[in-house]
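Listed next: structures, encoded as structure tokens.
Each of the next two complexes has chain A plus one more chain, namely chain B in the first and chain C in the second.
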Partner chain A sequence: MGYILNFNLIWRHFDKLWGGLLLSLELAVISIAIGIVIGLVLAVWYVSAGRAVRTIIAGYVEFIRNVPLILLVYLVFYGLPTVVDIAYSAQTSFIATLSLYSGAYLVEVFRSGLEAVPRGQLDAGKAIGLTPWQRLLHVRLPTMLRITLPALSNTFISLFKDTSVASVISVPELTYGAQWINFNTFRIVEVYLVVTAMYLLTGYTLLFALRLVERRFKAAR
Partner chain B sequence: MSNASHQNPALLDVTEVSKAFGSVEVLRSVSLQVTRGEVVTVIGPSGSGKTTLLRCVNFLESYDSGSIRIDGKEVGYRETGTRQRRSERDLAAMRAETGMVFQSFNLFPHLTAAGNIMLGLRKVRGKSNAEARTIAEHWLGRVGLAHKADSLPAELSGGQQQRVGIARAVAMEPKILLLDEITSALDPELVGEVLEVVRSLAEDGMTMLMVTHEMAFARDASSRIVFMADGGVSAVGPPAEILAAGFDNERLRSFLARFRASHF
Partner chain C sequence: MLSQIIYALPFLAEGFAVTLWVSLLVVVLSLIAGVLMGVGLVYGPAPLRWAVRIFSDTIRGIPILVLIFFVYYGLPAVGLHLESFWAAVLALTLFKTAQVVEYLRGAVGSIPKGQSEAAMAIGLTFRQRLAYVIFPQAFRRFLPPWINGVTDAVKGSALVSLLGITDLMQAINQVIGRTYEAMPLYILGALVYFAVNYALSLASRRLERRFSFIRE
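== the complex of A and B ==
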């Protein structure tokens, strides 16, 4: 009631938001890259392993998927260093956490993709004399990628948004920047409007780019 | 026939091969020889073990007992006293010597027609990209698809896909080509173009073992026909003999009678 929007203070501190956005993207890209490696290795291992390995991998996935991300962030940043003798910055700690987190989700995506590759294609790979590694590399993974692309896009966008959790351990990403401006200017509505717009725009841009990639691959189906 | 096989030892020698899936015996002591340049067709009711037999020849399926030899070399198992599965590397090398064409084509969907043919040439035969491309184009020309080299499988008709499937198999210069009901998934009007390719390969002397329901084609193109029933070889002979109405085999006669009733 009677609140007059005033964005001037926001623009004055916009470098906090811009720098925050860049850091959010950096956190997302690094964590997703590590998560992809974790996800691929564990998914390939899972589909070719015996029950013991499967149980362990499934345990990791279920643990991560059933614990809130914010709790994992606290556990790794505050909990781990008090138990074992290691020291790391908040940013490193968050990247480690989000990597493990994205890895768990990506194992599931890749695993279901690998299992969805038609048996006939693997037979065809065998029939021309490809070794198991060659079949994985040249037949199974390319088909898996094409199958999982839509699910991958969704996971990537989700993980980008999840970087906002880093603000709870003072990593100066976009949400943290917003909090800082809010505390220092009390323009709570303005700053969160601007930050929402920034998340939205970035998310849409990512989605658009990923859809382009998907379309390219779909044409190849 | 036995004279011929003395002069010309069998390229493919299947001896008393048996296989069971659980308690179901799918192959019962199957024996079968194919000599170089021969086209042998396997016919029989569904569930008679035809496809399983074919898949054992390149070890897409293992078998429980008996032996399968190609050019004298045991497929799938080591030739030392105990029965031991070959290493994956050995199996891959042996499979490269047999070509297979599938009922459902099974082209690699992410590769073009040429790419499908080139994959094995490059990764298994060690050809350079350019060499592989030249060979791929040669075989695409042979199957009448030179203009489709850069098309993806999804852009091809079923008949075209299957012709690429054949080109992919023969480009590897296999000793024997296995054809597993390759026209069964095709619309009737596309069957002819695929069979035409097979016929021309047969004329070139390609050794083939095929499972088919195309009786007219089997009659025209085969050197011999094998009739399988209940996992065993029930009759073998030249097409004219096997497909003759009066052949002395009750099961074969009833199979052919049912076949004619449903197809003509």
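== the complex of A and C ==
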């Protein structure tokens, strides 16, 4: 044993961790925003589509959900550019990956949310003469969003934790900052203690804030 | 291209065996630790309950990658030397244990209180109550999410590649390093992971349906 904690070097390089945390949050926010669009479009399409489209969407969802995120990150960053003539930064590549990743999880969330919208609401919409498009926009989606809000915030928090995988392609988010300090100062225990605290504080603050939002928008009975 | 990949297949298969071995160890060890701690969380005295709660909420609140690095780099720093393989297994097991604790809490919590009281009334001891009354009923609630969670263990095992352990993920990266055939190999790897995990999630869904006839 005989390990003496010394946090001085951590504070000296704290900007790496703070900047990393902000980048982690940014990656999570952008990815879930794109993921929500993917999820909404595919979920609405899924519930009204024929078998072929359903199979394709389900294939996408199942593929993403059953493959390790780190492999998807490598595939998009190292694999794709070898077959398609595009170039992108590690950060863009990671955002694309995490968006597709969250999109797959959100299709499932939204799809079950759409199915949970009470039949009577749709009939009522029809009865007052709303067009199918209006029923979707003014009846199904708002109710569905209220139902799915808790699942949505859970997805966001787990995405925030998943941003740590970006460190494997050297995106300077929080875990990358931790590794940098680990390798350059060898204050190993200290840096991971601080980073653990940062992830916990941020994660639980987000959870608490999102639960308040959920209570505000809880589906009316 | 194809001949290079075929040439690498035995090497990839070895990596896949490591992936399965890591996953199996993690799943078994976390099941034992998680059930014990889960029982502690539900039935234990307050200090034990608090300790398990803090453990579970802390572990589940940080990225698994941070936990892996913490264990791998942190333990030698405080004088504990673990082989990288066992450091990885330890970190993944800690993570999975926290999940098992929550599955168990949820499953046991779903059993009506009257069951426990009735068992007490006929004079069963604590262990008998668990073994004959609570666990058999909680089992059907525990099993589907747990099997679903096994897929998380298989996916999480890919992170051990970052500690230089030659699992499937690392084997793929090494073969790509030699052959520069990135896309075919990543897709091959993805399909292997997919096959394993999809089979597991199908099993989970079937079990869920099988148990759904039981009315609550």
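Points to keep in mind about this one:
Convention: the second predicted complex is superposed on the first by the 218 of 221 C-alpha atoms of A that agree within 3 Å, B and C clash if a C-alpha of one lies under 4 Å from a C-alpha of the other, contacts with A are read in each partner's own complex, and residues count from 1 in each chain.
Here is the rule we go by: a contact is a pair of C-beta atoms (placed from the backbone, for glycine too) under 8 Å apart; a residue touches a chain by one contact, two chains touch by 3 or more.
All of these numbers come straight from a predicted model, not from anything done at the bench.
Model built by superposing both complexes on chain A: chain B and chain C fit together without a clash. Set against each other, chain B and chain C touch different numbers of residues in chain A, with C touching more. In the superposition on chain A, A:Gln134 makes contact with chain B only, not with chain C.
When the two structures are aligned on their common chain, the gap between the nearest CA atoms of chain B and chain C comes to 25 Å.
The contact sets of chain A with chain B and with chain C never meet. For chain B in complex with chain A, the residues that touch the partner chain are 58, 60, 88-89, 91-100, 102, 104, 106-110, 119-120, 123-124, 152, 154, 168-169, 172. Chain A makes touch with chain C in their complex at residues 1-3, 62-63, 65-72, 74-75, 78-80, 82-83, 161-165, 167-168, 175, 178-179, 182, 186, 188-189, 192, 195-196, 199-200, 203-204. Partner chain A is touched in their complex by these residues of chain C: 58, 61-66, 69-70, 73-74, 77-79, 151, 154-159, 161-162, 169, 172-173, 176, 180, 182-183, 186-187, 189-190, 193-194, 197-198, 201. Chain A meets chain B in the complex at residues 118, 120-121, 123-132, 134, 138-139, 142-143, 146, 220-221.
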